[in-house]
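Next come two complexes built around chain A: one with chain B, the other with chain C.
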Partner chain A sequence: MTETVVMDRASASRRRYFPSAFGGLTFAGFAICLTALPLAVSLTGYQLNLLMQAATYAIAVFGLVVVLGYAGQINLAQAAFFGLGAYCVALGTTDFGLGFWLSLLLAVCVAAFAGAVLGLASLRLGGHYLAMVTISFQTILSLTLNNWISLTHGPDGVRGIQRPAILNDSRYFLAFCLAVLFTAGFGVYRLKRRRLGRAMQAVRDNEIAAAVSGIDTFATKVFAFTLSAALGGLGGGLFAGGFTYISPDQFTFAESVVFLTMALLGGVTSAFGAAFGTGLLILLPEWLRFLKVVYLAVYGAAVVLIMVFLPDGLWGIVTWAKRRLISEPPVDRQSIAPLPLTRQAACSAGQALLEVKSLSKHFGGLKAVDEVNLSVRQNSVHALIGPNGSGKTTMLNVLSGLYRPMGGSIVFDGGTITNAPPHTRTRLGIARTFQNIRLFPAMSVLDNVMVGAEQSGDLFSSARAVRNHAFSALEFVGLAERAYRDIGSLSYGHQRLVEIARALAGNPKLILFDEPGAGLNHGEKDRLVELLKQLKDRGLTVLIIDHDMAMVEQVAERITVLNFGRHIADGASRDVLRNPDVIAAYLGEVRSDAA
Partner chain B sequence: MALQLLFTGLGVGSIYALVALGFVLIFRATNAVNFAQGDFAMLGAFAMVVLAVDLELPYGLSIALALIAVMLFGALFNLTVYYPLRHRGLLPVIISTIGASILMQNGMLAAYGPQPQTLPGILSTPGIMVGSVFLDSQYLIILCITALLVVLQYFFFEYTLLGKKMQATSQDKEMASLLGIPVAWMIMLTFIYSAFLGGLAGILVGPILFVSVGMGSAISLKAFAATIVGGFGNVIGAIVGGLTLGIVETFGAAYISVPYKDAFAFLVLLIFLMIKPEGIFGEKIAEKA
Partner chain C sequence: MLLELDSVTAAYGRVLALKGLSLTVNDGEIVTLLGANGAGKSTVLRTISGLMTPQSGQVRWAGASIGGMKPGVIAGLSIAHVPERRRIFPGLTVRENILLGGSNLKGVSRAELEADVEKNFAIFPEIKPFENALGWTLSGGQQQMVAVARGLMARPKLLLLDEPSLGLAPLIVQQVYRVISGIREQGTTVLLVEQNAQMALSVADRGYVLETGTIVAEGLPSQLLDTDEIRAAYLGGRAKPN
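Now for the complex of A and B:
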């Protein structure tokens, strides 16, 4: 990557700060009106059924918003979770006589449990594995519903599903479904702007960066999957109550794809979009009756066309228009508090904050890191250098927990962390940046830094505190004014600074920099050196990898040199850089005379 | 009995293996999973019904024409379903191919109706008895052709320039294009070849199963399960995985339960994913930092 001219187009990528109280009130008013609609207006049985289907489907589609839209994990079995919920209510109210409410609770719990088990089994893999596991689950469930006749009544389905007495009138039941729909929709909408929702989006955008920002990525994915399944079960339970008759052919793989299409058409990252897509696809078949047999073929074609031409769904158009029309709120830099880097290490200055003993990491026969010792003193700037391929980045990956070491030990601030997962290390106070910048590209600059602030283990009293803290971190690197921008609109140098701000927002004791100077121009590099010095002055400890020896000599007090995975020199900067072995490692020859 | 089941299982497994090979090749070339791979088989089988049954063309000519038709479709598939999304990551491509699968199945449903079609076998003799085992002629042909293809494919990828170019493309697109390999064409060829494999599977399995619009997705799901069981992205793994699932399914149906026949493959898959997700021949799955 070459030097990039810092240029921000004022019109590009604006974000709007939503006055949430106003939006919330509007939504509540709207929701209450629509919920009361079936009671106020006389609807035909057919219209009631359509609305009932739309409302219950939309609840299940919200589940896809959470798992696919927020967390980026595919779920091709939403109809199976929907079906599980439906059968819980159907069998619960008929054969088992549990009553509607208990059955509905059971529907949510059973679906959530199935989702959790499936997620625990497969979410370490992700991608196409997850697609396959969910399809397998869907297939097995369909077979079971059809063949376990003594329990499920088989292909005939279940009739005479009971509703609670108070909601026995279909209009009342529909109003109830709509109320649940709006509540669930509002919850899903709010989730996106909460700690957990941001964690899910971070996992979706860059799992490794999420892990070193302090997120337990696996737990977050399993939770998203479980929540998605629970919403599927809830929708299915209401569906069974609404139609009082269900059969296995309503919950097949094809139906899972219909759910998926609804979410994608509307816009999978937005609850509103998903609800809109669901309504459209329920009504569309009514309008497209003339298509008859080719109707499902049109469905399939629509999926392809949406993926190609409307990656953000129909709601993407709304979002786009909103950004064009509404300018971003001004940032009042005067009101930003200075960044508090308050985390104090237990050890005093001069003692080793990070103590690494005979650490090894091999890839097959390649000894990328081979019995390396490293001692980083509290409140020092320590550089790790070596020719390309000497194992520096592997070392950082082992230190931040992305790789498991094969031997040796890592002690950080008095505690052993040799086998701790990345998020635990971050919460203990180790932050890092990456050589190839890893940000969360679909989130705003501010959201990126907020993830770092709220996930690191420092418990802030409120969302506002997290926000203020993120602003402080951005101001520290000089980017507060760009808080509402998209990551993509920033220059390479600024993206690096956002990554540093995200790391600092976590209030670390030790920060690991992997070639922070790479790809920066002179001015940006000077600014970086300044920033590193400031960090040291504020009591932080820094471990830095870089190839720019002038910069390393400027900032680092101590240097450790690696070559072919082995530790070849260690000591004060000035001495190490004049060590003949080190020069030989870099230049490939033994120094003979003057240098 | 057991030997008979083994023979049938290997025959069924060969079909899964053929489709699984198509999966693996596309995955290696594009890092994408084509969920419509099985529907190439469905198209191949229907093309045979049209050519050999409806138009009463000679069987050999029908096979050739059917394969050409499916290969052309593979090219079209690449241009419309994969190529526009090539820079957009795994998820959009998966979803897009699922959409294409629905389109293909329902398009065929609209064109040909839900009635399953029958297709005569390649040989007129039903088969031969060897000891107590009846060797069905169609299964024998399937086994032979699969074995032959595996050998040919091996030589193609290891000993021809085109094969090496395709391998280079699958391993590192950027470097391949810097070396002057036309990457887009290599991906196109991969799609055409995997459509060929799928179509061939359909043509071979058509006389055994009924030819129906849903046949593709049933085969496809199990073939995909086979690739995971064998080790994802591994050519030998796809074959071994396919044969394994064919055998498990045949024995499961015979000794445990017929209605749940289709569940066995997925149970095996779920077990593998939990215990040995890298499959039989796969390398250990490790995320790269």
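Now for the complex of A and C:
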């Protein structure tokens, strides 16, 4: 019996991994052939220049795939980073005599450093503020290149840029650029399916959910920005080497917009799409030259039409076709291991795992949470109830670190966490779900849960282990068969279950549920009750908000009742539900089966 | 017959949500749709209100085919949809949110609309203190009350309610259900999706049970409550009256 299971698992994993290995080999073969192309085919100088431009631009556009496509942060200064890299190589090989390789290294480092500084200074803003900051940076750099003549040679530009002796022939240099292009493109493609890439996409899709899944959202954004700038610098450095002459007008804001258009035209979430878009935008004007005077107008119109009808870029067609033609891989539920929930709290059963003392959070004049005390015992199920707007969700937001409290203290498992950021609390073992479901809608069900598993601490040794653990968590809530589905195709209730799976995948000690029963029918609520009981049996502690008193009474040992931000009752479930104040403020009528 | 769905098929991408589903709603009825998550209940409402386009089949409103028409046009036919997940306008005040519900009414004076808003505040006194607060500042349950009030503002012939009690305190749920059973007196027909089957059947004239995109049972509340399979699947063993 065991043997057949192992066999199944082996064959299932072969099915899953064979195509990607096959794809990788195809890509490698394709890349080597294209890299060798300039050496095998005779190209005119003009064709060489076009290809050189396309290759170096595409490397910079990969940077936009990382920062905009993956992490969702706008960067309107990619030409500035490209220019920084180009000037490093230009000045390094001429005025400073550093040689090409050292200059190229410098190009990447200087651009990355500039990106990191800009990111650290501005990524707390986001949105249109970030766009403004990047435009300003772009303008400052353009002004500097033009006016610091003693260093940059001003508007005249830099000529006589050196290449290494071995790559002095333009054909060899182009082959080198193509090799870098494919390496960088492959790296960016792989990043999307790695821990870091998933973290970036999670930040893009829902920053709050990313934070409570254990992702340091600010660090992730700064890293994406730095990586994007580094790729810009790399592309720029190669550009300078390729053309041996550069001038400031090649790195203006208009050029940043061109980079952005290339990324969006091809498909900003895909390295292949971005490379494709770059090639198209460089070649399209050449193909249209036969139109003579109107060619720029036709070119502009073509770009507008593609944008309007293919909002996901040209690569969107490929993704769409793939989704239509290739069916979801089957899920072999037999081979899924049961979910291990093994993390033990330091305190013993009966002691308080979470101790909240006179916690307050006000919004203007509204006292949403007003000096609330709450003690949740280790390995218990504790319910927080109260009328709509009584401060329950605000309380949960303060506990998970999304809001800073204005007063009071929170102690979790022996440590004070009153002012700790959300991702730190998650790594310490506090997980949560949201009342208005917060998932990562552009990622698959499985990827959503994998984010929860891999970000909550260094619990797993390999990507395979994370994947298996995510499957276990999905099986625990009964959704393993839908692992490869899009979030949008799931019903409201199933989306709730995905959220629960994501929270459980991080091996929490305490889990905060905000109305997990909303949107579930009786049968499904019965299963939820079973699930909550299982969690308790395995040593977890649960704090739950819900309005279904039949359910609350079934699972919770203790109840705390809030009204207008203050707690009005606290104690064993049965006593609290019969408290006249609670009935008047919340329950309305005495429940017939509460006796 | 006010509304008829005839062999309607609808899909999200490759996933079929409705598989040739047929149902009818008569004038003045309260009809409820029951079923597990993913059975297609919300999709039925979305198809009626025009948020989804049926792949095949007919949606008939007072005899005329409305399948595939734009949501704005259908709203003008006096069909109001209170969608799941609230979907109130976060940047508008509570009063503005509710007022907007009456935007399909032609030839009704502003004063009359304001009077309707006050009527809704009388139904949900809990949100009256927040009438000038922005939508997003309200708690989830308060937003739900705004969404239901907005639906009532349309004075619709047919009100599509998708889980109106979601996230509401027990006290408020009792209020909402008193409102639903009172709506009928104003000549409004209701198609109600609800997870709480007991509660829904207590106000409904008829019910349908959905499973993976098709109707598997229909009948009077008493008939549905007496069917063992339905009790087991959707009503649960634990919430029996007494």
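To be clear about the criterion, the second predicted complex is superposed on the first by the 548 of 595 C-alpha atoms of A that agree within 3 Å, B and C clash if a C-alpha of one lies under 4 Å from a C-alpha of the other, contacts with A are read in each partner's own complex, and residues count from 1 in each chain.
The rule we apply is simple: contacts are C-beta pairs under 8 Å (C-beta built on N, C-alpha and C of every residue); 3 or more make two chains touch, one makes a residue touch a chain.
Keep in mind that this is a model prediction, so the values were computed, not measured.
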Answer with first, second, both or neither: which of chain B and chain C does A:I140 touch in the superposed model? first
With the two structures laid over each other on chain A, which partner does A:P340 touch: chain B (first), chain C (second), both, or neither? neither
Which holds for A:G99: it touches chain B only (first), chain C only (second), both, or neither? neither
Could you tell me if A:S489 is touching chain B, chain C, both of them or neither one (first, second, both, neither)? second
Is A:Y403 touching anything from chain B or chain C once the two structures are fitted on A? First, second, both or neither. first
Looking at A:H547, would you say it contacts chain B, chain C, both, or neither? Reply first, second, both or neither. second
Pick one for A:Y129: touches chain B only (first), chain C only (second), both, or neither. first
Would you sort A:K525 into first (chain B), second (chain C), both or neither based on which partner it touches? second
Applying the document's definition of touch, where does A:P580 land relative to chain B and chain C: first, second, both, or neither? neither
Complex contact set, residues of chain A against chain C: 323-324, 363, 386-390, 392-393, 435-437, 485-486, 488-494, 515, 518-526, 547, 549-550, 554, 585-589, 592-593
With touch defined as at the start, can you tell me which chain C residues reach chain A in the complex? 12-15, 34-39, 42, 84-86, 126, 137-142, 144-145, 163, 166-174, 195-198, 232-239, 241-242
Quick check: in the complex, which residue numbers of chain B touch chain A? 27, 33, 35, 80-81, 84-85, 88, 90-92, 94-96, 98-107, 109-110, 217, 221, 224-225, 228, 232, 259-260, 262-263, 266-267, 269-270, 273-274, 277, 285, 287, 289
Residue ranges of chain A in contact with chain B within the complex: 68, 72, 74, 76, 121-122, 124-125, 127-129, 131-133, 135-137, 139-140, 143-144, 146-147, 207-208, 253-254, 257, 260-261, 264, 293-297, 299-304, 306-308, 311, 397, 402-403
